[in-house]
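Every chain is named by a letter (A, B, C and D) in the order it is written, and numbering of its residues begins at 1.
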Amino acid sequence: MHPLLIVSGLTMDFGGIRALDRMDLRILPGEIVALIGPNGAGKTTLFNCLTGMYRPTGGQVLLNPPGRPQRRLHGLSPHRITAAGLARTFQNIRLFPNMTVLENVMVGRHCRTTAKLFGAIFRPSATVREERETVGMCLALLDRIGLIDQADELARNLPYGAQRRLEIARALATGPQLLLLDEPAAGMNPQETAELEALIASIRGDGLSILLIEHDMKLVMRLSDHIFAMDFGCLIAEGTPDEVRRHPAVIRAYLGEETTDA
Amino acid sequence: MKNLPMPTGKDIRHALLTGLWFMFLTFPLLVIKVDPAEQSVTWRWANLVWVGGVSAAVALACRLLAAYRAARVERLRRLPDQTAPQPKLPLLFRPERLLPLGTLAMLFFLAFPLVFSTYQVNIMTTALMYVILGLGLNIVVGFAGLLDLGYVAFYAVGAYTYGLLHLHFNLGFWIALPIGGLLGALFGILLGFPVLRLRGDYLAIVTLGFGEIIRLVLENWGAFSQGPSGIADIPRPGLFGLDMTLDQSLVYQYYLTVAMALATVFVVNRLRHSRIGRAWFALREDEIACQAMGIDKTAIKLTAFALGAAWAGMAGVLFAAKTTFINPASFTFLESAIILCIVVLGGMGSIAGVVLAALILMLLPEYLRALAEYRMLVFGAVLVVMMIVRPRGLMSPPRQTYSPSR
Amino acid sequence: MEYFLELLFSGLTRGAIYALIALGYTMVYGIIGLINFAHGEMYMIGAFTALIVSSVLSIYGLPLPAILVLAALAAAIWAGAYGFTVERLAYRPLRDAPRLAPLISAIGMSIFLQNYVLLAQTSDFVPFPSLVPEFAFLEPYGAIVDSSGLTILAVSTLVMTALTLLIKFTRTGKAMRATAQDRKMALLVGINVDRIISLTFVTGSALAAVGGLLIASHIGQINFAIGFIAGIKAFTAAVLGGIGSIPGAVLGSFVLGLTEAFATGYVSSDYEDVFAFSLLVLILIFRPAGLLGKAATEKV
Amino acid sequence: MSHAQFFLFGLAALAFSACVAETSLASEPIKIGFAGSLSGDLAPYGLPPLKAVQLVVKEINARGGIQGRPVELLVEDDACKPELATNSATKLVAGGVKAVIGHICSGPTKAALPIYQAAKVLVISPSATSSLLNRDGEYPFFFRTIAADDVQAAAQVDFALQTLKAGKIAVLHDKGDYGKGLAEFAKSLIERSGKAQVVLFEGITPGAVDYSAVVQKIKRSGAEAVLFGGYHPEASKLVGQMRQKRLATPFVSDDGVKNDTFIKVAGKDAEGVYATGPADASDNSVTKAYQEKFRQAEGTNPGAFFDNAVAAALALTNAIAKAGSTDPEAMARILHSEEVATPFGPIKFDAKGEPVGIGVTLYQARDGQFVQVR
């Protein structure tokens, strides 16, 4: 199978500090891929480079949407990358706090809708239809994450776990090929984590690929098809969950130098 | 007001201390008046007594009020049924009242010239122009969250567009109106480009600088703008070439302004509930997440600047037509500040709030004339007090609901 | 060459004037992130207090140096008191309000204070005595350098150094920096945040007042509106240098002052402000956080 | 009641009361208006004229009014802003005035004139000097009791060329309507005379904290005289800094500077400064009478444009009395044809409403007051 995303030699320098060092990644369609590594390993930096928040110093990011020609993503601005099919959530939740839950999701549809000034002011039937479709689709997404009853609530009034789910729904609304989740389970209780796991699994069921940063190893091991492990900006190991779990470099990175078995 | 708490000893001591503090504070400026040339000093001790007494009384009143409120909240909290005290919306602002209230307001504005004198109509026209300006700036500040302190520049662009088009090409109001709007938008984009990277207060100061630059250029580039002596004899808007007396023309202009204001409310309201409006809100709430949602930050910022400026440009054309004379002195920073006050006081992003705030702030000084020289003093104090009493503005924007299926 | 030196001194004088006011702006901004539009009024109130006190004292026949010291002291004390009161009344209740609410409150305060002084004193310009003595040693250079300009320069340099040291090394300074960085955290580690913010306002206002005295003595006249115009320029300077940074405010002031002086000298004073504001726009385009400001890269 | 409701209610109540107050009409008195800057930073120019007009009106009413009808004065503040001036003008017109004394500044006068014109209200300004006002005589009911800018500029230039014999002249202004207009006239007059050279023509920024850069520029230009168009605050700062930098170049300014405040503020630097102004009227009995009345009422000396406003009020009331009506045509005829005794001596008005008999003279500040030079 053709990989959906090919990252090769991706490098990011901040001044003299190398945060990412020639990273190579491949993500297949429909796959859940996890990115693990200790704090400060460069996982979020990688996310930021992939989604255009940072402009990588070197290397390539290529996207192969099924049935469409390959696209170069590195060097594009964030909104173009989102339009191309990458959507993300943030480690520290970044919802639009003073907009309603529904509106948050509707913003996600921005790059898939087209109404311009004229449409906004005069509301021709095309715009009305587009709006109606947007609302319908977003309500469906809210239903899926169990927030349909809070659709008109302000996002800042939601409990923490719901905010995390809402962020995922918002990212899904952009119609991505690849969903990047930055520590979606952080701060969740076991009940919420279980719900999240089900949600992620069901998203995979839709045929999306998922790239996941997560510290909850049990969750990672259960969900992932493939794991990349990073430390100090470098890839130190990759493989199936089992392979990575046993990989000496990973153990060293997580547990320190001397320890040999986990 | 039953259960008004009795002042305790502590309250009284606090009030007395406040009084003493203000007596100290105002001592040099309010009590002593020197004439350096005559080498004479006047001591106005009476002022000191006044300040002390009034500030102590106000302090006491504020403390009692605060205590009363605290007691009421406490009482409500202890109610058996445990229902949290619903933040009750003031009667006027409940959603179901908006329609009848709006109709009533409409009728009031339509009947206004029939009831009131030309002078009152003229004042109301001015106030309505500020409604337009406030709504325009509301797009930039309230919707998109871009703090603009130089909004008056676009107002000037519009006014001079009409002034100069009339002067050189003898063009009329109705041609100048769209051109003014377009030129305003153009200048908005012109300002928007360099400031795309700037945030918050840096953006504020650059827009302030931009506003000043426009005014200074109009002031100094005499060959272009006739400098400080301005452009006179700009015609009032025409109506199919009809000849109108001054009174008729002022009333006509009033209705024109009402129509413009209505159109502005309509358009701004539509924009607010559109894909573009949501993108602005997203930009205001979180610039980074906004980009991550596939919104082109540059385009959406420029749209906000351009649209906001377009309204200022059209308001400028109206202004030129109304005063028939323009010079750069009308477009100072203070004007930008007042328009910003309208937006913030109204409640950022709230259309009804902005309309109300514009009417209050513009009509207040007019009706405060009774206070004569204390007018601006009171105006300043009112701004401070209103902000403290309602820091989120007079009205908060209504929560948008889209629930056709349910 | 002499012309150049003349313009240089003239620009430095202007810069030093702006710096005295800009320091207060930058301190307040640094600590609570508020553009304190009423800060210019502190400068104006300081100048008026100094005028009143010095006139009364001179009627009682005190010698000039004593008058200068007492007037400066009185100006600093009362302006400080006004700064304290304004913060308590108009800003403290709004500390957790939306960001623009205190800004509007500040604009209202500025209008209020201007009209207060107008009503309490006069709407007209009043002459301000030359409180700074003529230095005899400057006599040979009189065409280029004047003693009041030199005093302003010296005082602003001194004040900047003192402030920088204060903020770097004293306990209070550290508390100020902590409050500026993270108010909640500062509160948690036991800093009396209210007191620190009050102190910042008092210090900033007192500085502006001393500036008011020196500047008024330099230009020889004051009225109730001087604070607003000077305040806007000083604010521009503070932003130019990187708002929140004390050396930045001083650098920005000198850059602004020199630009204006050279623009007037070599181009035309018609466009001095256009030059000043264009420079501001240009610098911010290339350095979006000002000359010495730290570019706050938001963590994603 | 919430706050917002309170405001709404208050506004409505105010609007209502204002409306009621206005509709109560009294047909008896002759209504005349006064409009000018009564607040803001230009208030010092508007308040003395108001006092002057009030004095004249009080006196006339004490004598039993004009032909038995009392004179009622309606006062409006335009803060010297054109946009407010149109409001003031409509309010006066709506209030039924037949004539207006005002406005104080040229810009607002320009903005308000069309409104008065449409309502056929006669206007006499005591202080609007712009030469662009009524240049083509388009406002037949506009008059003023002050010499226009071009007359003043001519006097300044004449003095600089003839008396000071300056070959190089620096012309400065405050970028304002009044100052720049004056400076531009002066510049073109100097250039046309061919006798001197304008070595510097610049606007200084009002309210700036320091003018030393401009002063150095004047010095470098080698100017033998400085002509300044503008008001006294900038003039006193400029002169002060010139003298501080040891620049003794003669300083010639205008009406906006020729007042006691300038001398008070500039102190010893004011000595030797020249300024143009209306011919000295301090010996005139009318002047003395009104100035004395003002002193009795207020305890201070009258300020700027006081005499001009007295002249305007006297001319207007005289015209109403002689015409026997408040018909603008009739009043204008009297103003054009009959001389009236004013603080400046007998004056009347030419076809464009310019005063005949109010000339411009040069003054110099000596020992703390302006004295006539020639």
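We take it that contacts are C-beta pairs under 8 Å (C-beta built on N, C-alpha and C of every residue); 3 or more make two chains touch, one makes a residue touch a chain.
What you see is a predicted model; the values in this text were computed from it and never measured.
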Chains touching both chain B and chain D, listed by label:
C
When every step has to jump to a touching chain, what is the lowest number of steps that links chain A to chain D?
2
Centre to centre, using CA atoms, which chain is the farthest one from chain B?
A
Quick check: more C-beta contact pairs in A-B or B-C?
B-C
State, to the nearest whole Å, the distance from the C-alpha centre of chain A to the C-alpha centre of chain B.
42
For chain B paired with chain C, centre-to-centre distance based on mean C-alpha positions, whole Å:
28
Where the CA atoms of chain C average out and where those of chain D average out, how many Å apart are those spots?
36
From the C-alpha centre of chain A to that of chain C, how far is it in Å?
49
Where chain C touches two or more other chains at once, by residue number
126-127, 270, 273, 300
Chain A residues touching 2+ other chains are 53, 90
Chain D touches at least 2 other chains through residues 175, 203, 264
Can you tell me which positions in chain C touch chain D when the two form their complex?
3, 6-7, 9-11, 13-14, 17-18, 123-127, 142-143, 146, 149, 215, 218-221, 223, 225-226, 229-230, 233, 260-262, 264-265, 268-270, 272-273
The chain A residues in contact with chain B across the complex are 51-53, 77-79, 82-83, 87-88, 90, 94-100, 102-103, 106-113, 115-117, 119-121, 123, 127, 130-132, 134-136, 139, 151-152, 154, 170-171, 174
In the complex, chain B touches chain D at residues 37, 90-93, 115-120, 122-123, 126, 219-220, 222, 227-230, 232-233, 245-246, 250, 319, 322-327, 329-330, 356, 359-360, 363, 367, 369, 373, 375-376, 386, 389-390, 394-395
Within their complex, state which residues of chain B touch chain C.
21-22, 24-26, 28-30, 32-34, 36-37, 39-41, 47, 141, 147, 194-195, 197-202, 204-206, 208-210, 212-213, 216-217, 220, 288, 333, 337, 340-341, 344-345, 348, 373-374, 376-377, 379-384, 387-388, 391-392
The residues of chain D that touch chain B in their complex are 2-5, 7-8, 11, 14-15, 18-19, 22-23, 39, 77, 81-83, 85-87, 90-91, 93-95, 106-107, 110-111, 114-115, 118-119, 130, 132, 175-177, 180-181, 184, 203, 264
